[in-house]
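Take a look at the following structure, please.
Chain IDs A, B and C follow the sequence of writing; residue 1 opens each chain.
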Amino acid sequence: MPSSAVPPGALRSGPVAAVTLWWGGRSGLQAAILALVLLGGFLLGSNTLANMERFGITPGFAFLGRPAGFEIGEALLDYRPQDSYALALLVGLLNTVKVALAGCLIATVLGVLLGVARLSGNALLSGLVQGYVELVRSTPLLLQLFFWSATFQALPSPRQALNPLPGVFLCNRGIQLPAFADGRAGGWLLAAIALALALALAGTVLRRRLGRRDALSGLSVAAAACGLPAALLLASGAPLQVEVPELAGFNFSGGTTVSPEFSALLVGLVVNAAAMIAEIVRSGIQAVPAGQWEAARALGLPRHRIMRLVVLPQAMRVIVPLLTSSYLNLTKNSSLAVAIGFPDLVSVINTSANQTGQVLETMAIMMGAYLTVNLAVSAAMNLYNRRLAARGAR
Amino acid sequence: MTDGVLQSAPPLTSPRPRWQRLWAGLFGTPLNAAVTLCCLALLGWVVPPLLRWTLLDAVWVGPADRCSDAAGACWAFIGEKLRYILFGFYDQDRQWRPAAAGAILLALAGLSGMPLFWRRATLGLWLFGLAAALLLLTGGPAGPAVPTERWSGLPVSLLLAVVGLVGAFPLAVLLALARRSSMGGVRTLAVLFIEVTRGVPLIAVLYVATLLLPLMLPAGAAIDKLLRAQIAIVLFVSAYLAEILRAGLQSIPAGQYEAAQALGLGYWQSMRLVILPQALRTVIPSIVTLAIGLFQDTTLIIVIGLFDLLNTARTAAKDPAWLGFYDEAFSFAALIYLTVCVIASRYSLWLERRLRRC
Amino acid sequence: MRTPSQAPSRPSSRSGLSPRVLIAGALSLAIGLALTGAAKAGPTLDAIKARGSIKVGVGTQPGFFSPDSNGRWQGFFVDFGRALSIAVFNNPDKVQFVASSPQQRLPSLQSGEFDILLSGVTQTFTRATKLGFHFGPVVFYDGQGLLVPKKLGVTKGKDLNGATVCVQTGTTGELNITDFFRQNKITFKPVVIEETAENQKAFASGRCDVLTQDSSDLAITRTQLPKPDDYVLLPERISKEPLAPAIRYGDDQWLEIVNWAVYATIQAEELGITQANIDSFLTSADPTIRRFLGVDPSLGEAAKLDPKFAYTIVKTVGNYGEIFDRNVGPATKVGLDRGFNKLWTQGGLLYAPPFR
């Protein structure tokens, strides 16, 4: 710890200087504040430990290894009640990540569409979008979730299931979708799609770097991006039969099911976030000076191409930072799952805390998990934002 | 509003009468016509059943039995339960007190939005108003004491939101200043607090306050549940408010800081007299948005068993005499939230435009 | 912008209160005011007497505890709360009901948020030993049941292989149902919902094949369904659910008050004493009745209670049977049968130790 005797700026480089610069001046005041905070933390901590002892709870994370004993309705991992609390919590965390990822993706697409529609010259369309945005933004999310939860429960029973698309059924047991008969095929397909996307991205970047923009190189990139994953998929030997859900007895068999709780939570979060994103997109587009529109129109570009080629890229610089906070909000809002029965992290944490009495530890895990997820989202978006800013500066 | 939308679209080459522009937007191109027809179809699908349920088939007065036969909404339920939904468990013969407290809180919030009241004297008004509202709810000079367990309904929603915002202010100012301070230790503390709080959901903070806070107190000491929720909300909001204030502080040109220094003002004096008043003014629209969000987020106290407006509405449908009218209860609660929030957000838009002009 | 020119024009306005001081003052006042309602330290009964009221943790469940249109708590457990208030304060209204969710009721009791939990909590070994709660007498013998639609054609629990089950989180039900299916080597898919009402709505809409709850709750749900006759309560009780008042360790006298306030309602029913006829018993020569009603004050004095506490309880809230019938009995919308909750003399489990 550098003493205040070292005059700031005396050393111009090295770790000591960095620390001195960071610490700044007024050591006495700072030390006092820090000591006060530490003391407070220590007092609260020792009280907590004493109280836990009074209630006969052993502090520590040993309980994580014990069998959880409760069933979790939806799990991405193979989880059974005999498994440990640690696994149960992981299942909860993955459920939170699942709904957050899906929510962010869908909300972005929907939000951008709505944001553009809000600025449409069609008064009816923009009026409808405005009404939607205002309705969503002016009612509590919890109330909206109650509404969606009731809506999904009000769907007909499996026998009278709605069948909007061939192979897709909507009923009060959830949304039934066609899926591969063999579970492994789905994994391979995902891997193939990821590979294709990576190849396409790498090819595009390479093409740009090399300055080659002719149709031939574009075709070769596309061919490579499609061919390799397809080969991988075939080589994997995974059976690729698609199974369509069928009504068997009282429920559907075959295909895959999206539970009503997950659907209600996802729809609620998406509808909510899309309204926010629509507003962000609108303000971003409106931030682009009118001169840009006029210049593009003078070049003879049609309206939708002006939007895509001129306005949206510039609007992105306003939009992305705001979008980040929207994503973070959606992730945090997914904790409202506890009210409508989706087993997210908070829900599993709650059950665990109630059964073990390890309130301190479970709360710490919960905070830690959310912080990690949030930091990850922030970091990814910051990276994207930096690239965007760099491109704008170029 | 429609007018504003049209103006915000790219300027049109030739000024045409309004209805003509409207018509061109609706049916000018085949695409627009298709979009218009789709919108109309959507409206036709949603609006008539909604109208039937809310108005045509609804039961407006009468006992619960009459509702069970009706196809529409049972507004008689709201009529019967209105008092409970608004004031919950508060003693019936003293319910003028929460009503008055709620009115004071609403008035305070409304007045503070008016530029006329953006002055130091308003702080005194706030102090007086908050004290009056709390005294009315608690008892004291207003009459016999009513314990916080019986505070419920709309006044609790308002109280949590208003006290949450006002209580967060001093802390948020300190945090924002600390985060911009040159003192590394203090800065790091502020960053840690702000980022951790903003990184976790309000539900997590509420659970910590409800389950962990009692454990953190010395054995035997207890702390009121409503107060715990209020503390959680104050801490939570202060992190967000601090970031808003920091943005305001950043928008103040360096010349202002230097000028204050040149006048011989110390750090606190220059902050209080020069920097903060300007910074606050630039971020008022953001604060209004935060307040609207906060008012809605108070519904989350349901998860810790407190009774805000949404929870009283929900439990109203649990009375064996009027069992299961959840749709009506939630619609009514939604209407209240909608009214308050739409007024506030319209106002914030107006404010934003006004501030931009000057 | 007016402020920049305005603010420095009165740079030395140090007189008067600075905004910081004002806000800090407001905040401390707010906290101070709210703190006046906070609980005090010490053993439970002292705290209750110092506060002048009992804090009773309750849930929200029609018939057992729900607010009426006037915001007054009503219900089966609520009446026992009022009986306690009579035992301690000789007044049925010196009691505050504090609603708590199933997940938080035990931690909240532990942390002293209420003096007694009357929210239909099941008495279990772990709760009594590891978590540190004493349980009063069982006020409601329940058992977890399984409600299914008749059209499923299921007659016993073992036929439920692969069923979807709606269960409430934070209850023993969540663990019982897991155990039940494991014992029978069949599988199920849980839908876990925190709220009782949401849970029942989910089942009513057909989200699950099975709703599992304490059978008393299931009976309520069944009556609320659009066509109650389309549903059947399976014969199995997959668990024993003795619902008893719970209090923290460390206050034996409080525990005894809880015990005997509950026993008083059972004893009254056994003696045939009701709200309506109780005054006619005051002149009874039967020493058991004289002791019970406090005509002979020796019992109350020994317990540091009002000698007539049993009389006032029965006079005010009724005997056990009256409490049951008024709130959840066959004549109410809840429509429960007494079942196990009959007196021991009638083949039930209710039994009060002698008042002597």
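Assume a contact is a pair of C-beta atoms (placed from the backbone, for glycine too) under 8 Å apart; a residue touches a chain by one contact, two chains touch by 3 or more.
All figures in this text were calculated on a predicted structure; none of them were measured in a lab.
Here the chain at the heart of the structure, going by C-alpha means, is B.
Interface comparison, A-B versus A-C: the higher count of C-beta contacts falls to A-B.
Chain geometry summary: the mean Cα position of chain B and that of chain C are 33 Å apart.
Centre-to-centre separation between chain A and chain B, using Cα means, comes to 25 Å. Rounded to whole angstrom, the centroid-to-centroid distance between chain A and chain C, based on C-alpha atoms, equals 40 Å.
Shown for chain A are the residues that touch two or more other chains, namely 146, 150, 338-339, 350, 353, 359.
The set of chain C residues touching two or more other chains comprises 104, 107, 194, 201. Those residues of chain B in touch with two or more other chains are numbered 211, 215, 219, 303, 326. By the touch criterion given at the top, residues 80-81, 83-84, 87-90, 92, 120, 123-124, 126-127, 130-131, 134-135, 138, 140, 145, 147-150, 152, 163, 166-167, 169-170, 173, 210-211, 214-215, 219-227, 230, 256, 259-260, 263, 265, 269, 272-274, 277-278, 281, 303-305, 307, 312, 314-324, 326, 358 of chain B touch chain C in their complex. Against chain B, in their complex, chain C makes its touches with residues 1, 3-4, 7-8, 10-11, 13, 17-20, 22-27, 29-31, 33-42, 53, 55, 60-63, 66-74, 96-101, 104, 107-108, 111-113, 194, 197, 201, 224, 332-334.
Listing the residues of chain B that touch chain A in their complex gives 1-2, 5-6, 8-11, 21-22, 24-26, 28, 32, 35-36, 39-40, 42-43, 181-187, 189, 196, 198-204, 207-208, 211-212, 215-219, 292, 296-297, 299-300, 302-303, 310, 326-327, 330, 333-334, 337-338, 341-342, 345. Taken together, the chain A residues at the contact with chain B in this complex read 19, 21-26, 29-31, 33-34, 37, 44-45, 47-48, 50-52, 54, 118-128, 130, 134-135, 137-143, 146-147, 150, 286, 290, 293-294, 297, 303, 328, 332-333, 335-336, 338-339, 346, 350, 353, 359-360, 363, 366-367, 370-371, 374-375.
Residue ranges on chain C touching chain A, taken from their complex, read 103-104, 106-107, 110, 130-132, 152, 164, 169-170, 174-175, 177-178, 182, 188-195, 198-199, 201-202, 205-207, 209.
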